[in-house]
């Protein structure tokens, strides 16, 4: 403690709450699909498939089609960023890549992580596939996908 | 609204920045709380134009409760102004640059002639890497707890993949900004002293492809600006920095639905501010709110500024890469740019502010020493 | 400079304790789409979006305008996020109106919301801070002493709060969007409800709601082409510090100044006669008589008499207050102020359906927040100013 | 799969830790509490005494400079009877939450009133602070157990009506 710290009182402050979020029809259907091992996207009026799906076209705000369409589970890495130092609560506790993954059949990408062992094996355009948690552990969260993994590793 | 019959001319009266002040941008402000940081800044910004709080027709501030960890944190900050008698006052949960935008609309509407804009943000008390994850879609992205450096790294990778820039280009941006920051007495963020690109490229990755020199320091700060309209601005300041264009635009949220290597919202905002079609390249000075080195390159491309040409003095303050007080750094960009018009070292200036992950929202402000010198809104 | 501005569309959600059928985006879109429909507009018609809400801790989303931008059709447009405590819904509408009066935009969508059921309102409003005094009583405990001071100052009889609580809940029965629909509400029911923060009983306190409100604000040329615009005749905001020596918390100066400003703009000298209706932020029953005085509808010390004689009731009163049922019947905090402003618009446009007051030419919308320190008001008229 | 089986809710717990610092003015006040004293500060412009001090005079917008030590006695300006078990509150209901104006101060703060039946608390009641045992004093208002009547006659309404 320095002199300055002696003058000014400090304390740890914890801001904590167990938020419970209602999902509505589109995110709810996506989450149900995830829990059951499927990746679902939403079709816009212009015919694009938004993944993960939203109630709205991400560019125009127009409603998307309520009936979701299955995409993936394999797809393409659109961008990636390697970290050697995972932080608390991040999906993996060993070195991994953050990635934007565009599943086959979708026109947009999802933020998730790539469990690829080493940055040397990562590149934009690489084929990957979703590795789900065991069914019993799945709750309908994006974390039901443990990670994406190189397709050729499966 | 009151004098509608008199003022409905269709002509908008000009509004100018007449004063700017900022606290030291420090790595960690332990001693003073938000109010105590703001007090001397508000006092200075008013004092520079011989005003008191009672001369201000409107007050608008920008801040974020999540940086403080307390709801309604802006309420206590009002004490630094002394809002008595009651003031006409408003607050945005955004960077102070957007508070300035709100104040600008009030002055344009003719409801009053002067406005105080201030903002404050201390990043050091919080776990910033976690706090900023809460800016993301709460269903799809926030539950993964991505840190801001990871998101910026995805953007930097996209930029590299696009072929528009290299890691060496990032380092060159950092080198220039760091050198400039050495001359800025308000930057006290304890950055390394070296500016050699080669040395920067020897740093280990934080999140590849980003190394420490491409990432902003945790910064605590506060800033304030005084705006004035028409003749009142001329009374208060011999060479006001006239706001000849001001606009801001937002992009979609999902990172995977954006082209992260470009900034279409900056381009649109620049057009709205009268700095489209290459006019941004004709300003004397540009202060760009690019917290990460690669973002300056993306912004320059969107604005049509060639960093290599040297025609535009880019981030003479050292930029947000060297001092990035959240909720403050955007307003500081406007203040720094305006300061150069006020002190006569620039005739035309561009200031930019950003909000959200990977430059999701962008504001462009065109400033000039002549109120007629703009085509913006 | 100052261009005219009008409300040309309104939309709101049903308020409930938990809108667990929608996401946050789904909630705000429900209100926004109704406002657009009402204005005969589409997302693409809108120039800019202004959103407001109370603390981000309610939903645990920092600066949610970032996440909500595409949900509100704001991509490629300007978007602002306002936060001025409980008055925020009103302030948000005023910020949006300034985008029009300043001549910057012609069609602005403004939205306010709160999805309090994602967390807990009591927690989010008063997150304990280090070193601060232990929390003794919550929001009611903050306001109840002020109410006690009002009762002492005005010599009001004790039953006035009960009458307000009954009246606003009766109004709410006519409003399908209201959260509380207490079919058998009565004086006895309120009187016999549990005393929470003496003198405030359970049924004299607002609920905690999920809900959203939206309006489309338009410039004169756009409004002229619409069926029944509600014209902005005046709008004002005032703030004062939370705590200072000599502060009158019962009748804050900021409230009186804000009313004086908005009345001056709108040419109001006798609010009780010149307004046909007022929708005023009354989260605790006693705030009706307090604001009746502060807003000039009654002399100091006599606000309770208007309530007592039924002047503020939709059923035969000469100046109905809170025909929607007010904050006492629905309180999604971030949206509550906008719901007041929105109800004023519906009344001025004649679109308030079962809770429409006859012959409205001018309506007052009012919001306040913090420790009775942030005020936002507007006057809307059926006629162009 | 039945509709009952659909995912409709998502748990997203959030925890953030902050290194909170009280600032200079509040720290002085809190240190006073560790020694059993109420320390306020006087505004150099309006001369009013703020306790707890907030770093600046909220009406003049200037830093408060002069420390002022206040006594233990004060006046209840207004109050409410709390009948709701409040989150984190262990006091038996009903209890009295009052605005207390310390003698010499120009701003009241909220405090708990004990040692008097709830229905006998009134505006103008004269009270004094009951401190915890010195071994339990810390930089928190919890160093004061509560306020109790000090036996003096009630204060005249005019003496505190500006502090309601």
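Some points to look at:
A, B, C and D are the chain letters, set down in written order, and residue numbers restart from 1 in every chain.
Heads up, the rule we're going with is that a residue touches a chain if its C-beta (ideal position, glycine included) is under 8 Å from a C-beta of that chain, and two chains touch if they have at least 3 such contacts.
Nothing here was measured: the structure is a model prediction, and the numbers come from that model.
The greatest centre-to-centre distance from subunit A, using averaged C-alpha positions, is reached by D. Computed from the mean C-alpha positions, the centre of subunit B lies at a distance of 32 Å from the centre of subunit C.
Separation between the centroids of subunit A and subunit C, computed from CA atoms only, is 38 Å. Subunit A and subunit D have CA centres that are 46 Å apart.
For subunit B, residues that reach two or more other chains under the stated contact definition are 30-31, 66, 69, 76, 78-79, 82-84, 125, 130-131, 134, 138-139, 142-143, 252-254, 257.
In subunit D, the positions touching at least two other chains are 8-10, 12, 14, 16-24, 26, 30, 54, 57-59, 139.
Shown for subunit C are the residues in touch with two or more other chains, namely 20, 23-24, 57, 59-60, 70, 74-75, 123-124, 127, 129-131, 241-242, 244. Under the stated contact rule, the graph of chain-to-chain touches is complete, every pair of chains being in contact. Against subunit B, the residues of subunit C that register as touching in their complex are 1-4, 23-24, 54-57, 59-63, 65-70, 74-85, 91, 94-95, 98-99, 101-104, 124-127, 129, 232, 234-242, 244, 252-254, 257-258, 261, 264-265, 370, 373-374, 385. Of all the residues in subunit B, the ones that touch subunit A in their complex are 30-31, 69, 125, 129-130, 138-141, 143-147, 150-151, 153-158, 161, 205-210, 252-257, 260.
Taken in their complex, subunit D has these residues touching subunit A: 1, 5-24, 26-27, 30-31, 139. Taken in their complex, subunit D has these residues touching subunit B: 10, 12, 14, 16-26, 54-63. Listed in rising order, the residues of subunit B touching subunit D in the complex are 30-33, 35-36, 39, 42-43, 53, 66, 69, 76, 78-84, 124-127, 130-131, 134, 138-139, 142-143.
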